[in-house]
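Scrolling down, you'll hit the structures one after another.
One chain, chain A, appears in both complexes that follow, with chain B as partner in the first and chain C in the second.
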Partner chain A sequence: MKKILYIGVWVLLLQVNAFAAEESVFNEGNVYNTRLRKISLLLQGTMPANSDLENLAMIHDINEKENFIETKINEYLMSENYVAKMTNRLEELYRVRLTDPEGRAFEAFEDEYLQSTNSSLNILFSDLFSKNQPWDNLLTLTNYSLPLSYNVANEEMNAYQFLVYNHQFRDQARSEIENFLDSLTYEDEDGTASIPLISNNAMGVKNLAGSITTERFFSRYPTTKLNANRKRAAAIFRIFLCDSMEAVVLPSESDDKMLFDLSLNANQEPSHQDSVMTSMAKKHGEDPQCQSCHHKLDPMAKTFLGSSVVPNKEPSPGELVFYEQKKDGSKEKISIPVSGLNDLGHKITNQQQYLTCQVTHFWNWFVGENVPLSIEKKYELAEVFDGLERKPNDFIKFLLQSEDFIHPVNLQLDDLRYANLKTLFTRCDSCHTNEILAPVLSQGYPFSKDASVNINILNKIISSTDLHEQKSVDYMPPQNAGWTMSSFERNLLKAWITTGAKDNDGIEIEQELNTSGITYDENFITSSNFKFHDTSLRYLNNYDLLKVFKEIYNSGTCSELSNVNELITLGFKDPRDGKSLIESPNFLLLDWIKNCVEKSISINTGYSSFLPYPFEPKVAQNTEMKLDDILWGELDETEKQTIIQWNTDLLLGYKVLSAESYDSYVYRLLMALETSKDSSLKEAIKKIHVTILTSSEFLIY
Partner chain B sequence: MKVPFLIVSTLMSVLMIVSKAFGEIQLELPSQGLPKVSINNEGLLEIELPNSNKFTILYKSQLDPNILNMDAEIVNNSCEEQFVPVKCKFKTNTFVDRFALGWLSHEEKGLINKPFNNDMDSGTFSETNIWFWENKFGAGDDFVTVRVPNKSKPEIIINPELQCENISWIKPFLINSELKILEWTSEINTQNLETRVSENRASSAFFDVIGELKSDTITFKSLSHGVSMDVSSLLLGDILGWTIKSGNKLCELSIKADFNLIFNNLINQLGNLESPDGFTPLKLSSSNIEDIDQSFRINGNQSIIEENKDEIILKFGPKMYAELYILDVLGVIQMGTSLSTGVTKLSIELSQEVQQ
Partner chain C sequence: MKVSRRKFIQGSACASLLYSLPSKANLLNYNPNTNQFVFQILVPDGMDVTLSLDPLTHAKFNTDQADVFIEYRPDQIFGNGKLLLGPACEALRPYLNEIAVVNGIVMRRDTGHEALLSYIASGSGSAALPYIAVESNHILQEPTLGVLIAGSVKMGQRLATLTQIENLKQLGTGNNQVSYLNPFYNNVSNLLSTEIQNLVDFNFRKSELASEIDKVKSLLNSDYEEIPVIIGSFLKGMSKTAVLDISRLENMELELDTHSNHESEHLSSQMAVWNFIAHVFDCFKKIEYNKGSLFDNTTFIVMSEFSRTPFLNGARGKDHNVYTNSVLLAGGRVQGGKSVGESKMLKRSQRPDGIAIHIGKPFDFSLGQSVNTNGENVNLIYPENLAKSFRGLYNQSENFYPQLTGIKEIKGLFKS
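Right, the complex of A and B next:
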């Protein structure tokens, strides 16, 4: 009971803070300081220096303010934190585990895993950002580097050396590497330098293609004779052409019977494996539903033939088959023969679809996945990206200075678009993955090229989610789904449907939907709907939280993650499917923050940095050791307010809130401490910290 | 994927180290009271304890190679939709040897050429259940045949063979009588380190494996290179995969091999090797066992040896140890119900604590 009450208090606290946030940081305020904080968190995962915020606030000329921000963007783009943050973003995209920027070996990541993150793939990722290399390297690079680590280098050398086992490699690169390995000792494990692995002239480069032929990619997307490299092809389609294809198992009475017989030992011949291989191959070749994906997957998968474990030196021909989305929204099938993996990589980078897909990733990272991105805008951004020689840092800088970033068009009641619903549809899809007849709602819109099918799907959504509020007992999501649609989400869905179920270009469907009688609360738009990942305003999450807390407390006390559940709590994405198990903070995160504060503010950390300087009279008369003897209630209002302001500036950032919001925020904190009159000053400071650090003003950026 | 890589890494580093170390053994003689380690005139490792008792490495060879044959069925050919499975038999033509530490000279004559008791608690040396198989596949241009010579069976170094009921399936792949397998993979079920999902995966691969067809039998002659370069990785798993060129097309063949039989046979035979009789000292200087010679090293300066499941380590003292690295080709160290694979390192550390 006590626990429930405890949880309730925290949930309430989050709600209270979230409500207050709507009127402050998001709608008005010191826009430049707020923007700098957001840019710093987006680029580095850390807060901007308070001195920078103070300097920015001192500047009155708008042009100078913009110049100041540009200087800071340049500075952030050069930082190690930026490289680590972007590497993590790519790791999320590739659905591999995130490399801990500090290399902590906590239980959730065993030693073997830590090795895998210290790989040629990661060096390829980090070089993109630390050296502003062309984005196409992800698909075309053939000159890998290895980390300065005996074990890893030795392992990866095994993975690549056969490609280049010709005399050239043996005489040059190989001897170089072997000398290097000989010179290493185990004490070099933590080294960060890298050595070149394969020269551009080496024999096997015809079958090397950047990230997709690295040991880590092969290990993440393994293959079998049955899978025939389709996992790899699917990952390439998803990452580079924004075409997600999920594996499905089609219902089959004959397969069911065979498995049933096998389970009873009724039929031993042919073996299960043989039958599955034969029947699956037949289905992939004949079943139209399989063919919808396999006619694209299989020709690309062929380029991996002979490269099951590591890239084969001998390229295998295949074909790049995909649908290019044209500017007018239509789709054109494109088929291009490729001679091997390297050729595949190059041919992909030549495609318009690749460009529009890649700018979409940047858009999602920096502007927000929930901010509608029209096809026209995609083409426009692709042109810019191309014009900037596809260099990521230059394009990111462009995006951060664009109107799309500065004034993102998010939720507008009269112009809701498909992108605004994507998060909700993703949750719907999560339960229907294996239902072959269920449309994949989050994969794109319209849901079907056939208009009549599309309208049917929309009407099915209306009825199955009971948007008419007929209180049917079995509407979606069902009780056992593990989630419910929030009031916000129901209103959002209703509003989108009733305003014509617009696509991302703002085009309404032509047919009439069964919307008669659907009503919703028009004020829903003002309530918060922020997620860890995908909105223009998002919650601090994953390693960023750890970094920020480390900066505040100058200690890694909070960063000792011990299990996978904590990763979920902190909003890490699941590398299996790239989704977050929770989308936004819940009481577990708030509890984690509370514990973090408890652990971090201790006699070891000291309290002096959290007290204003020069100390207020009562505090100044006491040494830190005696702070336990001072009661919060003994301080006068000015002293209390000064302490709260000091900590607000310290934790939120100087002038991140507008003057009005700031006053209101401080007042809220004062009120929150009303019940702490008998608490010691130390306890009061902890409470101030917990309240600030669990507030939306802190967590959302 | 990681374990085989680690094994190969270990193997490579071991081979690099030992090739330098052997032949120029500069022993730093132990301080007074510690055993003396040397290779005697007969090429035997000789570890002399302060009381003049000496021990060495013993070995014996036992298994009949026919025991290690297995059924292998070619079940699928991606270039032939109506492919009819073909039953074959895979002959590994490999052997098992056993190594142990045992007395070379002792005041109790009956202990000579007998392995130590396998009892760690008794204070004696542990018997080391190290098995050595002929290594048919290696990183060189030809199959490496590394094994302790068995003078009673000089004919036993034979390459692996695949004998099939019919050979029509192989004809599209032949150039003259030669079959070139572009990639030979084996699949195992293991955890994906990124997703933590257990899944089947091709875990090891050999490239350009050359076979020659004579009558109904393919004899595998050589390979160019591999990842996880030992027969254990090549043959373990439910499904073996071959990628072979047929004209301009690449075809994928799946071979279902029954390893249960081979392992059961092997395990049944282990009893024969457990007997303390029949051991002879391992001669390190014999030209016939050059590869074994190279994998032997004595180092007088190191004190700590890594410990993991692929190594058997006997720790008796801080300053001296001898190491015998053995290519444990089919990984026959039994661990519970599974069989470990890869390089086995036998390390012996010496000290005065040895019961003399």
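Right, the complex of A and C next:
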């Protein structure tokens, strides 16, 4: 009877709480503890210590709670895990293989991405965070350090020695470094220390520019006769100016005609009067489609001339050509001559576009790319970043204490505004810049002061993008555009249009639009909130997963990835295109977790945490054998509940869930274990662990 | 109707949908008689098609070695009149009547290995469309394991489960029951509910799959573990599509990107490729399925990102040639024993720049043959034409690459 009553209460609780929307579980929990868990995972990739969560929960004064969190942020920013995590973030941004904090070698991807992670580039990355150095070092540093490993250091030194102008200095520098390397013992080569390679006095610095003249960057973005350093320029545009240009094959009528004519008539003139290569180079210079990227890429690529394998000591002049996004949303073409790579690096860091781009990276990493970031906000953040001397740790701390982080404003279906569509419209404009009559969609809204013209443009958008899903043949973007609207973008456009095409002040247009029959999935906004990477709430992934499991079980068993493809399952990004093959966990990841628990759990880990707890006399001794002897069904409800709560706290973190969600969660675990009455206590605990560790509550932060 | 994980997530915020999840058991039911499989094999680095799928002789175009370097004798070319293959493909001789080749596919321009491999594998030069096998997986109503992959694939806008073949090589046969997870997730809004259902199902059938793979393994005695994994998963209905990047095979050392020292080095690598393909065919032939063999119920697609320039460069190598490419199709649904599309040689003496070109020939899409004239339905064959042609496998379903509206298909590649 007591048991029935007990379960009855739980059922009542369940009815009230179990169907709460997913987000509320995370957003309305014990907010400070939930926030600390999130901050710890974002900064270090590890859970906060449970003692910290307990201490935080005991503080009642809100200011003291904030102070406690600030102390912890400072502590995390000093940790090795933070440096490793941020280095990994930069490696993802640069699309190189991630350095494994454990030093394991996963040969997951193609050779060209496999350069040693033990390099001057990595030291540059880690110094940024361990020493809170200015972010501009990525483009301006001329004084590299080499890893404390004879082979690696020697190889890199060979690459850099050509930069020395003065022979005397070169020989002296080389001899000093060689002596130093010779003095190393095997024990010294733990890769944690570094030696300075280039001193400003001895080396020519005219052609060194931080990360983009490191050996690892050069190897990752090799140049060929055909790409002529454009790969490197494209990477610089993507990383530093947020202008992503990918190699694509776009059909063009003139190209196709040329090829057709060539096939019919070998003696085709004049398009193929030159060699194939010259013809292509010429096309890049003239074809509007090619020119949209190449007029920016080619002048920057010139600065790498003569630097095919290592930076040339003689700078090669070029030009920095890009479009700066102004505060009012308009774009201005900027062309700045540069004298070489070093000058290029400095001139990029002088640009507003660089600043707004860099704060966008930080925003995506810490606030979430699904939280709208307006251009005004970018400018505001850029000013803060600049004011903090562009020091990453200070800016990250600022972001983590900002309202944007604490209360992120996700897209609201009933309050979509023009600003939410601007990125999409910018992509549309990129193809229509040369069409005199085409409206510039990204330059402000309403598109025209004349209301009737505005409504015409909106209706044209509806028809040209086929929002009625009539499968029109020629809808936008066309096949040769080089991009397609994602389902998220399509839903976003439909939702904005059907909710009145509001301007940035939330004012709907007065006239009626042709929206009848436009349907979309209203849940698209929710679904975009949870991914492995860069959403405001995201799934545990890659090395963080391994680290967290290692902490829980004090065992590296889970870290023994049996094959390279598991990296994909665990949410690693593919360095080839910087994307994950899967964006959120699939069942194979859950299977990996289950296997991990089964391999790792032992008396020294999961079981030991509760053994001394109040199970006397049933569990009288700290032995696994004892746990084998007791059946789950033999325990009374209080004991079962205590075991579940204990393990929930252990794995999820103390008071990370709201009281209501916690009760519901524990009840669900109790119910799940109902089918395990005949399981041993040991087996039951294993099941509890698998269940918790495969739950959204654990995996999402 | 199958509800994808993403669709479920989209629905998860709506409590009214929580009870409408279909039973996984229903999703797994399939009728073997209607099952068709797609196996897309990618050979990165660019194969010299003159050695294999599109052999040339100097007599045909009145060329010499400076126009096109040919390292085999004309009598080493074999075929049946409608389909000719070069010496690298010797291992395919027994399959002449069950394979078809599409020649003269023009890749437009050289944007590098990765972009062009994606182009030929999907029909989109901007990675906007999924690989043919991924699109097929959608049409075939994705089974539990979705698309089996070794290497990476482009997904376009399709949401598909991807399962690494490597993972399945590690399958154990032990007790893997995780059905105890179900009560935790049943009737509760949770983002991972569908994945848990998949996990429960996968674990429930894992032993079954592992023993099937073991059975196939012992039957085939193959050096390549990937083959029994794919066959086993197909046989158990847990997947219907696979994408295999041949460079991921443990036992395959290839040197195909021969910008230097092309002679014999490229040929031996390409022979290894085609020997492997023939071995795959052998294996699928050995497996009985649906009153025939598994080969009969599978469509194989073998493709590389481009061909190689016809003549030897200064380093005695052959560079990237985007002007022509060839693709091999095989399997029971393929109209075998023929090639579709042609290429031609433009000799250096014909060219103002003195550089010989090996290029695809215009193709009349209404007649289904290459022509030497212009015309309403005449154009070069591009990867998008090939991709759309796979609609022939699916009763011309408009749900297969719906984005390729207006693109002409190469007719006659598949039996109806």
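Definition applied: the second predicted complex is superposed on the first by the 501 of 701 C-alpha atoms of A that agree within 3 Å, B and C clash if a C-alpha of one lies under 4 Å from a C-alpha of the other, contacts with A are read in each partner's own complex, and residues count from 1 in each chain.
Please note the rule applied: a contact is a pair of C-beta atoms (placed from the backbone, for glycine too) under 8 Å apart; a residue touches a chain by one contact, two chains touch by 3 or more.
These numbers come from a predicted model, not from an experiment.
Trainee: Which partner, chain B or chain C, is in contact with more residues of chain A?
Mentor: Comparing chain B with chain C, the partner touching more chain A residues is C.
Trainee: Report for A:219: first if it touches chain B alone, second if chain C alone, otherwise both or neither.
Mentor: first
Trainee: For A:576, using the defined touch cut-off, is the partner it touches chain B, chain C, both, or neither? Pick first, second, both or neither.
Mentor: In the superposition, A:576 touches chain B and chain C alike.
Trainee: Would you please give the residues of chain A that touch chain B in one complex and also touch chain C in the other complex?
Mentor: Touching chain B and chain C on chain A: residues 226, 273-274, 576.
Trainee: Where on chain B does chain A make contact in their complex?
Mentor: Interface residues on chain B, with respect to chain A: 1-2, 5-6, 8-9, 12-13, 16, 75-76, 78, 81, 85, 182-183, 185, 187, 192-197, 199-205, 207, 224-228, 238-239, 241, 243, 248, 250, 252, 254, 256.
Trainee: For chain A, which residues are in contact with chain C within the complex?
Mentor: Chain A reaches chain C through residues 18-22, 226-227, 246-251, 255-256, 259-260, 262-264, 266-267, 269, 272-276, 280, 471, 473, 479, 481-484, 486-487, 521, 523-524, 526-527, 530, 562-566, 568-569, 574, 576-577, 581-582, 584-591, 594, 668-669, 671-676, 687, 690-691, 694-696, 699-700.
Trainee: Quick one: in the complex, what on chain C touches chain A?
Mentor: Against chain A, chain C makes touches at 5-6, 9-15, 18, 106-112, 114-116, 119, 124-128, 150, 152-153, 155-157, 161-167, 169-170, 178-184, 187-192, 195-196, 198-199, 202-203, 323, 344, 346-347, 350-353, 355, 357, 359-362, 372-374, 379-380, 382, 384, 398, 402-407.
Trainee: Under the stated contact criterion, what part of chain A meets chain B in this complex?
Mentor: 95-97, 112-113, 115-116, 151, 154-155, 158-159, 161-162, 165, 178, 181-182, 216, 219-220, 222-226, 228, 270-271, 273-274, 277-278, 281, 302, 305-310, 312-314, 316-317, 575-576
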